[in-house]
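In order of appearance the chains are A, B, C and D, and numbering begins at 1 in each one.
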Amino acid sequence: MNVNDLVSNVNFLPWLIPVGPLLAFFVITLVTNRAKMVVATSSEYADHNHPGYMGLRVPVSSVSGRILSITVGLSGIIAAWLISLTVVGQALAVEHLGESEVFGSTIPWMVTGISTFNMGVLVDPLTTIMLIMVPLACTMIFIYAIGYMAADARQARFFALISLFAGAMLTLVVADNLLLLFVGWEVMGLCSYLLIGFWFEKESAYKAAIKAFTTTRVADVIMMLGIVYLYMMTGTLSFRDILHNEVMLSVLANTPAVLFGGLSAASLIGIFLIIGTIGKSAQFPLHVWLPDAMEGPTPVSAMIHAAAMVSAGVYAIIRMYPLFEAGGNPHHGLLTPPLMLMAVVGSFTALFAATIAVAQNDVKKVLAYSTISQLGFMMAALGIGAYIAAAFHLITHAFFKALLFMASGSVIHGMEHGDHHVQHAHGHGHDDAAHDAHAHDDHGHDDAHHAPHFDPQDMLNMGGLRKTMPVTFITFLIGGLSLAGFPLITAGFWSKDEILADAWKGLTEGFGPHALVFVLLAVSAFLTAFYTMRQIGLTFWGEARTEQAKHANLGQGIVSFTMTLPLVILAFFAIFAGFVGVPPTFPIFGSIFSPSENPFFEFVKNTLLSEQQPGELTFAWFPVLTSFTVALGGLGLGYLMYWRKPLQAGETDPMVKILGGLYPILKNKYYIDEVYVRVFVKPSQVFASVVVVRFMDGRIIDGILHGIARVFIWIGDFLKLLNMWLIDGVGDGIPEYVAAFGAYFRRFQTGRVQQYLLWVAIAAILIALVFAASSGWLVQASGG
Amino acid sequence: MNDVCSINNLTQCLLDGGVSPDLANLLTILGGVVLVATVPLVTVIFLIWIERKIAARVQDRLGPNRVGPFGLLQSVADAVKMLTKEDITPMGADKFIYNLAPIIAFATVVLIWAIIPFTPLHIGADLSIGILYFVAVASIGTVKIMIAGWSSNNKYALLGAFRTIAQLLSYEVPLVLSLLIPVMIAGTLGMQDMVRAQGSMWFVFMAPVAAVMFFIANLAETGRAPFDLLEAESEIIAGYNIEYSGFKWGMFMAGEFMHAFTAALLAAVIFLGGWWGPFVEQVPALGFVYLGLKTAVVYIFGLILRSTVPRVRIDQLMALNWKWLVPISVANVLITALLLKVVDAIGLAPQSGDFFAHLPQTLVLLVGNLVLMFGVATVLRNRGRAQRLADEAAHPVEHEDAPVVVGAVGH
Amino acid sequence: MVPLWMFLAVAAGVFCIGAYGVLSRRNAVAILMGVELMLNAVNINLIAFWRYVEPLNMAGQAFAAFVFVIAAAEAAVGLAIIISVYRSRRSVIVEDVDMLKW
Amino acid sequence: MFELNAQSIAFILFALFSLGGALGVVTTRNLIHATLYLILSLFGAAGFFVLLSAPFMAAVQVLVYIGAIAILIVFAVMLTRSMTRLSDIYNSQWLLSAIVAGLLFVLLLVGVILPVWGVNGTQAGREVSSIVTTTVDLGKALVDQNQYVLPFEVASLLLTAAMIGAIVVARDDKE
């Protein structure tokens, strides 16, 4: 296939989508990122709320190199965007895409003995909508990053990394098989590690990076198990071969799984994959990494939380959905174990995270927890079979959450600017370094060299920003309303409403899980609306509570422009993206936006086989009213508490009084186990599991040290998970366990390669013996 | 092959003599082996005489003229004397290896003879990879030096060995690269085919640069002057074989002479059209004569060179190889490959075997080679000029009396 | 013609002897020699299979050629490392360079 | 099945070379001798290649292994002179290694080679075709764009990298 039809033929176009960013990554890394080592002064390395690293020798990319890199990165992502627009255009043109025809092409990739493994790209409705969302959001983030990172010495490097990130995400989106998806998945894991730890001079940053990496790794290993098992069962990993193949699905659904007697193979694989997702899109109990991920630069937060990473988790689930569904039928209340798992975990996480978000003061942390909670929505929706609703919410959420993150980013930026201004005005604590800092960038935010350290992310330090940062305020407001699901005019409303409607449908037919999901989601929707209002109130309303807030603004010129433009664009989508999914039976709006049918629904449902597709919902008042009530109620409550009587400087947050004893608990994210337990899990279970843990814990470490049977080791792993559960993931169970494990295996590392080799050889011989014995070669040999 | 008994078909003679076919084959093969293995031994003695004679003539001496007619038997006498010398094995020497080395030394050279086509019919073994075989066998030569130098438990010997091996390994690169070119032109690795391919045009005309490279590299490989550092008496006494005496040393020496001669032989075969000559198809035995003549030309040229050019320093040696020969030969390979493709593309490749069919290709390649030479020459000239300017800047010469001197010489 | 299994047997023998050398020698250079033996055994196998099983398919010889390349590269780098180790620690005994642990 | 003709005699000879050489490599104390044994063993392999009608491989074997690698090794041995004769040449695990190696050999022979290719093994029946590809085919295959040109280029790159790496590693930074 020559270049020409590669470009012209839409079946080859998807290959090109990830190429742009990936290329950009290599070009920037290898060519344009020309950095010289200089002894850092605060000005070169002035950065967001972390102490500068004067005296360190640090790479500082030359201005030309920086500009070049930005250009390269930007052109890469824009290229990807344009190509995906072409693909999307062609995809939308096709009647019933996915049902009969899909775009894409495969090439034989590796020939493993008898079977050939194909690599390929696939564009079906689901991919299409992702291709609408991802490149757009990424581009916005890139543009935003130009301004946001303008003062960072390693901007070029930053662009390289997010280019790689975007490339990986796009690869994952266009992949036509689970392995390629997993590749993108892992690369993103790496990028998140690198980007969260971007300011690695900050201890908290690199710790957070490591935390994120390891946490997701735990999940990914399990996910890989699932993939391997799937490949073992089916001999292929191509989505369409597996998911559009009734026979294969039924086979998977009916064969019992290995060593998990009760489950079917499909369920086991499903659970494995879901655990992977739980790690990636930060569901309870593996959500712990996500709040810390806020250590990274804000564009990264936007990338991870909105455009790419966490969406990837949900996307993977949606992608593999028929597999989870196999053997059950959620639309008739028949939930397979994986679905059940998703429903419970999802809805629980939604509520759990929402409650935490209520008590956060860090502007980004609130958003982080809201992300977790919103992802919980999607998971729950998937759990009860609301397949399309989940996809819909994924898209809308991506838009408004990206918007919110970038807006909060510019708030922080503004605060730092104000802070710098204050320092400047008071004229203390800035030296020559500070001077040339201001010389070559109009607002070098060097919060580095003055004490006490001022936290520009603390909402209690803000207030009244609407005056100084109007654009940010408006856009943030839009995003917030969308997040809160402000009825009828925001995107968030429609997607949430659809989820609730699905749940309600199940509830009316008397399915337990649906009921649980409905109630929990409703409550968390309420909380969502509330804390959104609280956040906006604390940040923008009332009077400035600090000097910094009084002078907070984005300054002039390219920086402020690049930082506000994406906000405006995304704000547009945060409102209008919702109208593609209005159910036709919805009064008035239905007749306006989807006279005949729900376009989004009709388009996406063809991703599945016809018999798996959910039916159109009949309009019901109750869920709509519910979403009205919760949204408006939450917003109203927030209004009462934070708008009508804005918080004054020095005044404590009313939450403290209201929540009373609960407040510190929420603020500390339920760090105190008993409270955590009392609030969430039924005490009996908790009590039991505590006992079990204690008991087993001792047994495991012994068990390993004395090498007791593997079943104990398995229980041990299971209990390791339980441990993370109970002690909120960072519990001491894992460290001890790992330490003991390491201490034991350490003595195998003698540093003598020959010994390792000897082990390898022995192992090889043993394996060969087993193999030979099983395949009866020895017998033959003795015979011949 | 015709079934009459002739020098070209000794097997037939044996068969006519009523020998069983297998035995006849075996006998002929054995005979050939013995012949190919002994002829070199005998030639050496003659070679030494030639060498000394020519050296003497160049240096305006008479050379050996006492023993036998024209001193022909001089080297025989020397050989006898050498054989009667005591065979010393130094203390602490690694006996086995120490004795192994000279054998390898001579064997490697004799092995090369197995693939040399003397006539259209007479060749030890017409391997399909003849040239590669030559390179491989030649590369074994390094082993002998290494173990000889190491096993004689002598610092000088070891130093000599190191130095020699450095030289040999380095010069193998241009050697092989220059051999690549006739291979490309002939499209074969077999020696006999290679010679046949030169039926109407010797490769030396198509690839003069390669020929020169091959010659120079071989001088270094065989350790002839001006590259005879492996026996630089002034620096490392006598090189890796210092400890050897008597017959073993003789084998080393014979091996070196043989190697030099063999190199000339190969040059004749690969570049000068081997056994080709008038009537050689009708009377294959003539091939011996033609090949002998061509070889003699090359060899004697080498001898004259030897006795005229002073020895280079080790650094100069390396510099010459890595800074000039290797780059040039690489460039040569590229140019030749390109030109061959071009020739093939525009249809100038020789269809028939006759002279004129080969002419265009030859001319193209020749031009390519000339361009390359010109380029090298230019670089050399610029370098020289820069050097001279630098020297003059260092200590200016008086220009006024320079012409006077010239004039004086002129008249 | 000599049956294939004999070639394979000899190759296996050389391989195992090489493996033994790699596992048991103390001198790094000797270990390297063992590695060379193993690679060489592999080559014998490749060529033997090429000749007996797929003589018309170049794969066997091509792979053998690549093994040559690998062997050359491995020898060059390995010996370079050995020499630099020797330069810094005056020893090429592998037990003496096992600091890289814990 | 194994009649005694020139070929089989040559085979036995080469087998003795390579096996004996290999044994010599792993057992001799003096590394120079070990290297010579290595050369012997490699010669044996080259002989095999000739028997297997792969003369090109044989020549390359001699050229690369004996002409280059062996010499390299000798150099290394000499540069690490004090290590040439160690008092004890085996480490503590030599016995276990011997057992493992022996076991491996038996396993290969009894487990794989004999049952599959042996006298009455599963593959024993196949006849050996007399026509074989030549060096020319190898050359073509190596530069054929849908055969091995990519590995070929990669290999060349690898060699370059190895060369540079070796120089960088072995160079003495002191001067």
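One rule holds in what follows: a contact is a pair of C-beta atoms (placed from the backbone, for glycine too) under 8 Å apart; a residue touches a chain by one contact, two chains touch by 3 or more.
It should be emphasised that the depicted structure is a prediction, and the values quoted were computed from it without experimental measurement.
Undergrad: Using C-alpha centres only, name the chain that sits farthest from chain B.
TA: A
Undergrad: Whose C-alpha centre lies nearest the centre of all protein C-alpha atoms?
TA: Closest to the centre of all protein C-alpha atoms: chain C.
Undergrad: Nearest whole angstrom, what separates the Cα centre of chain A from the Cα centre of chain B?
TA: Roughly 72 Å, centre to centre.
Undergrad: Express in whole angstrom the distance between the two chain centres, defined as the mean CA positions of chain C and chain D.
TA: 6
Undergrad: Starting from the mean Cα coordinates of chain A and chain C, work out the distance between those two points in Å.
TA: So the centre of chain A lies 48 Å away from the centre of chain C.
Undergrad: How big is the gap, in whole Å, between where the Cα atoms of chain B centre and where those of chain C centre?
TA: Taking the mean C-alpha position of each chain, the two centres sit 34 Å apart.
Undergrad: Out of chain B, which residues touch more than one other chain, so two or more?
TA: Expected reply: no residues.
Undergrad: Residues of chain D touching 2+ other chains?
TA: Where chain D meets two or more other chains at a single residue, that happens at 56, 60, 68, 75, 91, 93, 97, 100-101, 104, 114, 118-119, 121.
Undergrad: Give me the residue numbers in chain C that touch at least two other chains, ranges are fine.
TA: In chain C, the residues touching two or more other chains are 19, 23-24, 94-95.
Undergrad: Using the contact rule from the top, write out all pairs of chains that touch.
TA: Inter-chain contacts occur between A-C, A-D, B-D, C-D.
Undergrad: Considering the complex alone, what residue numbers of chain A touch chain D?
TA: Residues of chain A touching chain D: 752, 754-755, 758, 761-762, 764-765, 768-769, 772, 777-778, 780-781, 784.
Undergrad: Touching residues of chain C toward chain D in the complex: what are they?
TA: 1-10, 12-21, 23-27, 29-30, 32-34, 36-37, 40, 43-44, 47-48, 50-53, 55-58, 61-62, 64-66, 68-77, 79-84, 86-87, 90-95
Undergrad: Once bound in the complex, which stretches of chain B touch chain D?
TA: For chain B paired with chain D, touching residues are 94, 97, 127-129, 132-133, 135-137, 139-140, 142-143, 146-147, 150-151, 158, 162, 165, 169, 172, 189.
Undergrad: Show me the residue ranges of chain D that touch chain B in the complex, using the header's touch definition.
TA: 30, 32-33, 36, 39, 55-56, 59-60, 62-63, 66-68, 70-71, 74-75, 78, 134-135
Undergrad: Across the complex, what residues on chain A touch chain C?
TA: So the residues of chain A in touch with chain C come to 746, 749-754, 757-758, 761.
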